Amino acid sequence: MSHVYRLVISCPDQVGIVAAVAQYIAEQGGTIVEANHHTDQANGWFFMRHEILADSLSGGLEAFSEGFEAIGKAFEMQWYVSDSAKPKKIALFASKESHCLADLLHRWHEDELPGEVVCVIANHDDLRSMVEWYRIPFHHIPVTPESKPQAFSETEQLVEQYGAEVIVLARYMQILPPQMCSDYSGQVINIHHSFLPSFVGARPYHQASERGVKLIGATCHYVTEVLDAGPIIEQDVIRITHSHTIDDMKRLGRDVEKTVLARGLRYHLEDRVLIHGNKTVVFAD
Amino acid sequence: MSHVYRLVISCPDQVGIVAAVAQYIAEQGGTIVEANHHTDQANGWFFMRHEILADSLSGGLEAFSEGFEAIGKAFEMQWYVSDSAKPKKIALFASKESHCLADLLHRWHEDELPGEVVCVIANHDDLRSMVEWYRIPFHHIPVTPESKPQAFSETEQLVEQYGAEVIVLARYMQILPPQMCSDYSGQVINIHHSFLPSFVGARPYHQASERGVKLIGATCHYVTEVLDAGPIIEQDVIRITHSHTIDDMKRLGRDVEKTVLARGLRYHLEDRVLIHGNKTVVFAD
Amino acid sequence: MSHVYRLVISCPDQVGIVAAVAQYIAEQGGTIVEANHHTDQANGWFFMRHEILADSLSGGLEAFSEGFEAIGKAFEMQWYVSDSAKPKKIALFASKESHCLADLLHRWHEDELPGEVVCVIANHDDLRSMVEWYRIPFHHIPVTPESKPQAFSETEQLVEQYGAEVIVLARYMQILPPQMCSDYSGQVINIHHSFLPSFVGARPYHQASERGVKLIGATCHYVTEVLDAGPIIEQDVIRITHSHTIDDMKRLGRDVEKTVLARGLRYHLEDRVLIHGNKTVVFAD
Amino acid sequence: MSHVYRLVISCPDQVGIVAAVAQYIAEQGGTIVEANHHTDQANGWFFMRHEILADSLSGGLEAFSEGFEAIGKAFEMQWYVSDSAKPKKIALFASKESHCLADLLHRWHEDELPGEVVCVIANHDDLRSMVEWYRIPFHHIPVTPESKPQAFSETEQLVEQYGAEVIVLARYMQILPPQMCSDYSGQVINIHHSFLPSFVGARPYHQASERGVKLIGATCHYVTEVLDAGPIIEQDVIRITHSHTIDDMKRLGRDVEKTVLARGLRYHLEDRVLIHGNKTVVFAD
């Protein structure tokens, strides 16, 4: 993986944005290794992402950002530049089911995940040994109806303490308090085991079996205060038949869940996801 | 395609069904070319389908059926035998959009569809010439809020007159009256342009765009009195991105719609679909 | 569909290309509705495609192209601008099998295909009536081992006479003479009924059955002098099992063949495919 | 998971097999929970698999098998009965790449894999710690051109010592000696990182990149003496574009490889795979 800076922009659409941005990058000597644009014509909004070789910018990231401010202002941009050498810090939230957690930890261990797992927080202690094999701090914070406020206050403190920039609900099975959803807006990623918006809420495979669908799915989305209704990052499905029991669906579903979560998280970590309203622009590679 | 009889059975599950059926078929000298069983263990129900070479049954279909009655009674079976040489008669219902209709007509023309298209009934006249090229009778019955009762009475009369055993709503865009749904229960097949149960009702691609899903789909299902809620026969999806407009989704969706409808209809025509409650057992080949 | 100009570029990679191009488009007042870049870092080559709203260029296509020449020269670009209002002329070549031909004709008839079908040339007369229903000229040019040179000379004459810019081998089942392959390099599109490079040549479904694969596929590719070895535009697959006969594979395969051909052809017609060596860059939407 | 016996049969096709088998199972009081037949009409061969509830057979497995011998002889069957309570013993062979091994170990740990992993044998020591966390014996047997005969003799000894009935080459990257292939015919399962028969042998992703394919795949197959040419159990593919480098292909491919291997192995462990010639019948659930 090359060392790159990622310039991510969204703003009202108008003529001249691409030229201004490209011109600026060229002036700085920037070598573009990936570039994506998208114009949402219905809403008149423009989205853009560049990967620029870090070594090609003689002035470094700070000078680049400083110089870009004028353009950002002129076009009323929301923009930022991130540095692939400073991977985002990730807190993984888990419960008892291990498939998503094990999958992410393994990818991280093999340097496939472009982020840094800083801790695992779980409401059960079952997965401690697995996590600790990876030498990642494991925190067991049980959540009961009574302890919930206290538990989440502790949880938030830990997240802050570790400086986590991304929270991944890897089959966490708890609903975050609304305040936490809004504090970490656009930073909490969930995997829901259905093809949303079908089968919101609990026991989606039971709901799917009840309805007799022929495909089951999984959805990776940002968490908002409305249950399972946040912006969707990635989805996928797998075929089932009448012969599959709910246990079979769980088994088959696990493979989809972990793949979809890993893909969605990777997009987020590489700043490929731009949220706009309740939808996402995903500049997948 | 070989000439086969299809023995289709559903009944309460118990030991000895397969033996009794297989024993009977063997006694008749029947060569089985395809056999499928399914036990719904949660509900204690058994499903079975055999394809038997017609030539291998010396006594013919009638004798075979007569002799089977004792077994059917003993095991409280719902059962029937169909004859691949007597393809089901199909009435296609259409509106203005041609992709599903054209696809089915072409498959029928190429002998791919194991059924006989006996007429097309449409609430607009646009597709007449296309249908008539295939030398299939085309009936234009407009449906307005006022004319609806009269229109559907005429429609039902036509269906009866042609002896149609299957009604296919090939993007018909009209809701059948409840009476017709129950009269033709298990015989009316619809294609809905979403991955049900997501996006029931009108303009599913608009709903999908609104929600920001990353896959769009189509669902082939039996029509019941509850809109888009009947037993699902077949579904499939296709990937979309943020860059696809609703028009793009319509274009991409058409390919899924026609494939899913053709597959689902084929299953029905070959007696591969067994309805049980609001779900289906599909013995796909 | 908006009226757009498509600026398509490939050239050696270097800093400043994007800026120069974007700057020029902005100077001309061009509204970019779609933009794609790709840098082939292994080979140091750069690819780019823009869709620009025609109405936004006050000077029109000619002035735009003229002004661009300096940039093209400076960066050693291979480039062209095409006009969506002048759809490419297509000659469809067919034999006896109708599924791909019928599919393309129907898409064209429904204004889904961004091209103009100018004629059908077939080595059998079977599909004449179907083609003529669409009011497209049908030419029957039989090809036998003896008549081949004469037949293809006639064929080329027709292609020229109609001004066809794209030749689509819609299951044509004949091998074009090498001279024709090189005369129409990058303009002849074939659909091969396997997942190339598996099962080159005749009877790919028989080869697939022999090998016992669990997926069958189709490949849309440019025709070169080497059989089934030209640059691949698009591929897809469908799952099969041990229970599928070669006839089943043909039936299932037809759905993949026609979808893959339609997709690949659409990419070509919208100038989304850039050939480089024996590979393609496809800026799919 | 219920405790079941699996009766697996293949024999020349003739009338009466199903009846005889079903009759026998019914006589023994057997409750069938899953049944599959397949007739290969081209070759006149019949395949059959039943899952029978163990508790429903009053006489137990031995009596059932003994009684079945007459039927087996009468129909010239190759047959066996396996016991789900005696899962097959698995030796996993690995090298340096961990994704397939980690995936299988995790599935085994979560009781998803219906087999018993008895040891891991690797030609590098890198994965020792991961394996030992699962408390599975890890054996490091380096393989060099010189040491090969000695190394494989040691390897075979270990396999025998552990009583392994299945050998899984989880990206083992070594070619087994022909003798070992034939000694363990039908018991060695490999995952090849291409859609076979495309890209046999070394570096299939490089071959795929060279050819410019638009999908990459993985193939789970039995190992025979001919490289990458044994009977295929399972395959799948994933879409790539021109923008994916070989490293991207490796990353994307890993997800397909591990899923395809896990599926294929599961089929084998549950006696769902019947080898016939160089092809398989897979009675997937």
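A, B, C and D are the chain letters, set down in written order, and residue numbers restart from 1 in every chain.
Quick note on the criterion: a residue touches a chain if its C-beta (ideal position, glycine included) is under 8 Å from a C-beta of that chain, and two chains touch if they have at least 3 such contacts.
In UniProt terms the chains read A, B, C, D = Formyltetrahydrofolate deformylase.
Predicted model only: the values in this text are computed from it and were never measured.
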Worksheet entry | Chain at maximum distance from chain A, centres defined as averaged CA atoms | B
Worksheet item: If you tally contacting C-beta pairs, which pair wins, A-C or B-C?
Response: A-C
Worksheet item: CA centre of chain A versus CA centre of chain B: separation in Å?
Response: 41
Practice prompt. Go ahead and note the Å separation of the Cα centroids belonging to chain B and chain C.
Written response: 36
Discussion item. Quick check on chain C: which residues sit in contact with 2+ other chains?
Written reply: 34, 41, 243
Worksheet item: Chain adjacency by touch: line, ring, star, complete or other shape?
Response: complete
Discussion item. Which residues of chain D touch chain B once you look at their complex with the stated criterion?
Written reply: 15-16, 18-23, 25-27, 29-37, 39, 41, 56
Practice prompt. Mind listing the chain C positions that touch chain D in their complex?
Written response: 38, 40-42, 195-199, 211-215, 217, 231-237, 241-243, 245, 278-282, 284
Item to complete: Enumerate the contact residues on chain A facing chain D in the complex.
Response: 34, 98-99, 102, 106, 110, 112, 129-130, 133, 243-244, 248, 251, 254-255, 259, 262, 285
